[in-house]
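In the two assemblies presented below, subunit A is common to both, partnered first by subunit B and then by subunit C.
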Partner chain A sequence: MRSKKTLFTVGFFVILSAVSFLIASEGSPPPASPHVAMTPELKEKYPIKAHHAKLSLRCTDCHEKQGDNPEDFKAIGDEGCLSCHKTKQYLADRLKFMDALHVNPHNSIHDGPKLYCDECHNEHKPSDNMCLSCHSNDVKIWMRKTP
Partner chain B sequence: MKKLVLILKSKLVWIALGGALFGVLFSLGVYEGLHRTSDDRFCIVCHEMKPMVAAYRNDVHGGAGKSGIKVTCVTCHLPQDNVLGYIFTKAKNGVVEGAIHFFGNVDAIDWQANRVNKDHFVKDEGCIHCHVNYRDNANISEKGRSMHAHYASLKNTDQAVGCASCHAEVGHQGLRSMLNYYHPEYDYYKGKLDKYKDAVEKKLAEEMK
Partner chain C sequence: MSNKETMSRRDALKLGALSTAGLAMLSASNAMAAAPTEKDVKFDEEYDVIVIGTGFAGLAAAAKAAERGYKVLILEKMGRIGGNSVINGGGMAVPNSTWQKKYGIQDSGELFIKDCLKAGLGINHVELLETIVKRAQDALDFSIKCGAKWQDVKPAWFGGHSAPRSLVTDNMSGSGVIKPMHEFVEKLPGCKIMTRTKMDDFVMSADGTSVVGVTARINYRFDPKLFSDDIENKTGEKKVYKAKKGVVLASGGFSMDKMFRKLQDPRITPDQDATNHDGATAGALLKAFQIGAMPVHIDWIQQGPWASPDERGFGVAPLLTQQGLFKLGVAVDVRNGKRFMNEMADRKTRADAEYVILREDPKAYPVTIGTYNTFEEQVYPIMEKGLTGGVMKKFDTLDALAANYKIPADALKETIKKYNEDAKNGVEDQFKKQTLKEMKGKEAIEMKGPFYAIRLMPKPHHTMGGLQINTKAQVISGNTGKPIPGLFAAGEVTGGTHGASRLGTVAVTDCLTFGLIAGENI
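Up next, the complex of A and B:
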């Protein structure tokens, strides 16, 4: 009789701890956007920048509300970039030291903090610093390669 | 009465009382020591910390916000999950950094390059100790909340990221510019940013009076 009771109690706790372990290991709620399964082919076709890869960003973190087929994804525009990177003014302020010599690419003497992000920055192909189209020799002494 | 006298006469009681007093005084000493070596006034004793402290004092975490709240350097830069780890790391850093300050060449340190290690020297538990509801605070943008859920889902995996992975200059507003005023990243700027550095030094001297 007694051993049955013990067995029952032990069983109860085993089940309870298994359930709580499952709940605890589940972690965060799943992302709201649809999931795109990452394949080596996709990775090669649409490589992302190292600083974004380091954060394990998924396709749909940027391509929000664009379905789950990468072939249908569209460029996210300034609004998409700035949903994480705050504002153009904020980005300009982070390079304030360059303003002293009027070479801040995010607050240039020609355009101020108003350029489209993708005039210089690309995600799935190498970026292309627009300053270079005129200042081809100087840019490298002012700033690093455009991320 | 007799019993009380007997107790007072026993050596053991005096040893116990003395031990307790010593323990309390020792703890108080350790507490005071830890406390007085925790804020920017202590950290700036080493001149190489000037750009970091100056940028911190321009940040909402360094008292520049509306409410005047300030977190100490150690809140974010020392592990907070247990008191022994905290004291051990503080002591170890004290010895290592003290040695570098006195015997190393601090002017040769490339602080800007070291910022790639920011996840290592910003302790997430310090951030989360205050920002408790970072996952569901309605004042955080939808994007922010979904990214914070992403952060939480990567925790304890080999892809784990830190708060500072995204919040690059958190706690030190304008850190990159400040570092450039002191040690420009490119030769082109050398000698041309000194007036900004002088202004920073003047402000710091004023504030640290």
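Up next, the complex of A and C:
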């Protein structure tokens, strides 16, 4: 019983540190920014992805220097995404194992590591996998749902 | 002064007032419709050359113009570089190529033109084909200079060609040309590519005769959900760019333009899929018509009879039918189990035959059926893809197949029996199918099964028509019959080259050749 528990604890710790390593490897947390009071209405109108919610990201962590009124916020563009996610080449390299079958979405045979992030990834609405526009029946074999 | 006279004078005044207002309205609506002149705008930036579009034609024109030392701006409305070119199969037909000489293949320019005219039903503009014969090798060499890599193997023999003359890129995609050409262009000094930037209008000279620039919107987001993105989409911020030498229009075809393609061919319903990328719309083409460019062959839209409604875009069905089921198998009308076309006829004949059925019953997609012996070795890996993805289905018996597609089973079996007998006996079948000739003594469809099947639907693939150009890629005006100064065009936005129907792998040739020529002449 005890050894199982210890194993579990150790396992949990290992996973946790692996996760935090992965997160840390994509840049240090963004600096403090002006505060937007979070309301249930705002949360419903501008939902954020689970992986970002887990990090307790606030509106202005991404919408930097855009004031404090969510109605005025603009899309943050590649630059905004890459302020945490480093570079497109880095993201392509992380999925290098998919290159073998030519299905790396961040380094596709068509586009290389050059697409806009929001060609596929959206934050406040469901993402849309661009590969589907031609490979509708294959994508499910290649990868999971676009985060 | 009589009352009558007064009245008439008053009426005359009224009429005058009305017509003045009417004229004002008329001129206002004209101003809205007509292209602005340089007097109406303030230029934000100035370039030598502006290219619209980043496919084969646009990038070839931009690369050549930039290489000549010009400052070039390239506008692309989509977020992605390359349009249809980057999702294309990477095949380029080059008559009399160095490749053919290396691999000992006999070919001639006359033979190439003859092949194109046969597929094009004789309505091709031959002077444009002659230009391709003269310059295709130069276009190929230029692509190599820009970094494109072509497989060093014997050229492939594509349907409708009388000789093996098609080269294929090393990654078997048009991206094998687009990616290096994009990098080549980006490195040239003075060359700038702006994506998500949509050209709105040509800017004309003060006298309205020449193209001197364009208006555009930056931060434009194309929206595939709109019925007509060109008309309805209001995103982006307006900019005006001056082109001192001129504009090259390389905006592609309109196979995805729900409104314009249906106007030309009412069989194409708005929700119908095509093999093209979402942005293949007619907006820029219509702007060229607006300033007087001459239209050619606009309603000749080539549709792929080998496509399937069970997947999006080009998909895998075209390979599994052309290099498989169509060769020795049959295509049947699901309502009566009968064949309705020669499965190996040209693209247009087959698409028309499928449309006859689909117009009567839009859900009655014909089904093509065959056995393992019909597939060429190269498509074995794709068979797996087709089956896993669900585009192709496999059945142990014809009864199971008939039940799945709701085909009358007895009628289907009778059709296949007759078809097999004809093949076995070496008798010409009712549709004069050429590939059955070699089957003498054998079953074309092996009755032991298993049976493979794919549902069929024609998909718009290439719009033959477009702007009239001359052999220097200058756009011809319908007002003067002469080139519109400052306007060049290349690629699918132009018309005439392919006539009624284009042969496979000649699109890349057309785009790279006339793109290069536009870049040389501007």
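Keep this in mind: the second predicted complex is superposed on the first by the 115 of 147 C-alpha atoms of A that agree within 3 Å, B and C clash if a C-alpha of one lies under 4 Å from a C-alpha of the other, contacts with A are read in each partner's own complex, and residues count from 1 in each chain.
Note that in this section contacts are C-beta pairs under 8 Å (C-beta built on N, C-alpha and C of every residue); 3 or more make two chains touch, one makes a residue touch a chain.
Not measured: the values here are computed from a predicted model.
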> Of the partners subunit B and subunit C, which touch A:His35 in the superposed model: first, second, both, neither?
Replying inline: neither
>> Is A:Ser133 touching anything from subunit B or subunit C once the two structures are fitted on A? First, second, both or neither.
In response: second
>> Just checking: does A:Ile141 make contact with subunit B only, subunit C only, both, or neither of them? Give me first, second, both or neither.
In response: both
> Which holds for A:Lys45: it touches subunit B only (first), subunit C only (second), both, or neither?
Replying inline: neither
> Given the touch rule stated above, what does A:Tyr116 touch, subunit B (first), subunit C (second), both, or neither?
Replying inline: second
>> As a test of reading the superposition: which chain, subunit B or subunit C, is in touch with more residues of subunit A?
In response: B
>> Tell me the contact category for A:His124 with respect to subunit B and subunit C: first, second, both or neither.
In response: neither
> Which holds for A:Asp93: it touches subunit B only (first), subunit C only (second), both, or neither?
Replying inline: first
>> With the touch criterion stated at the top, can you tell me which subunit A residues are shared between the subunit B interface and the subunit C interface?
In response: 141
>> Could you list, by residue number, the parts of subunit A that touch subunit B in their complex?
In response: 27-29, 31-32, 54-57, 61, 83-84, 93-97, 100-101, 141-144
>> Using the touch definition from the top, list the residues of subunit A that touch subunit C in their complex.
In response: 109-112, 114-116, 118-119, 130, 132-138, 141
> Hey, which residues of subunit C end up touching subunit A in the complex?
Replying inline: 79-82, 86-87, 171, 173, 175, 179, 195-196, 277-278, 310-316, 385, 388-391
> Which part of subunit B faces subunit A closely enough to touch in the complex?
Replying inline: 135, 141, 143, 146-147, 149-150, 152-155, 159, 161, 165-166, 169, 174, 176-177, 180-181, 184-189, 192-193, 196
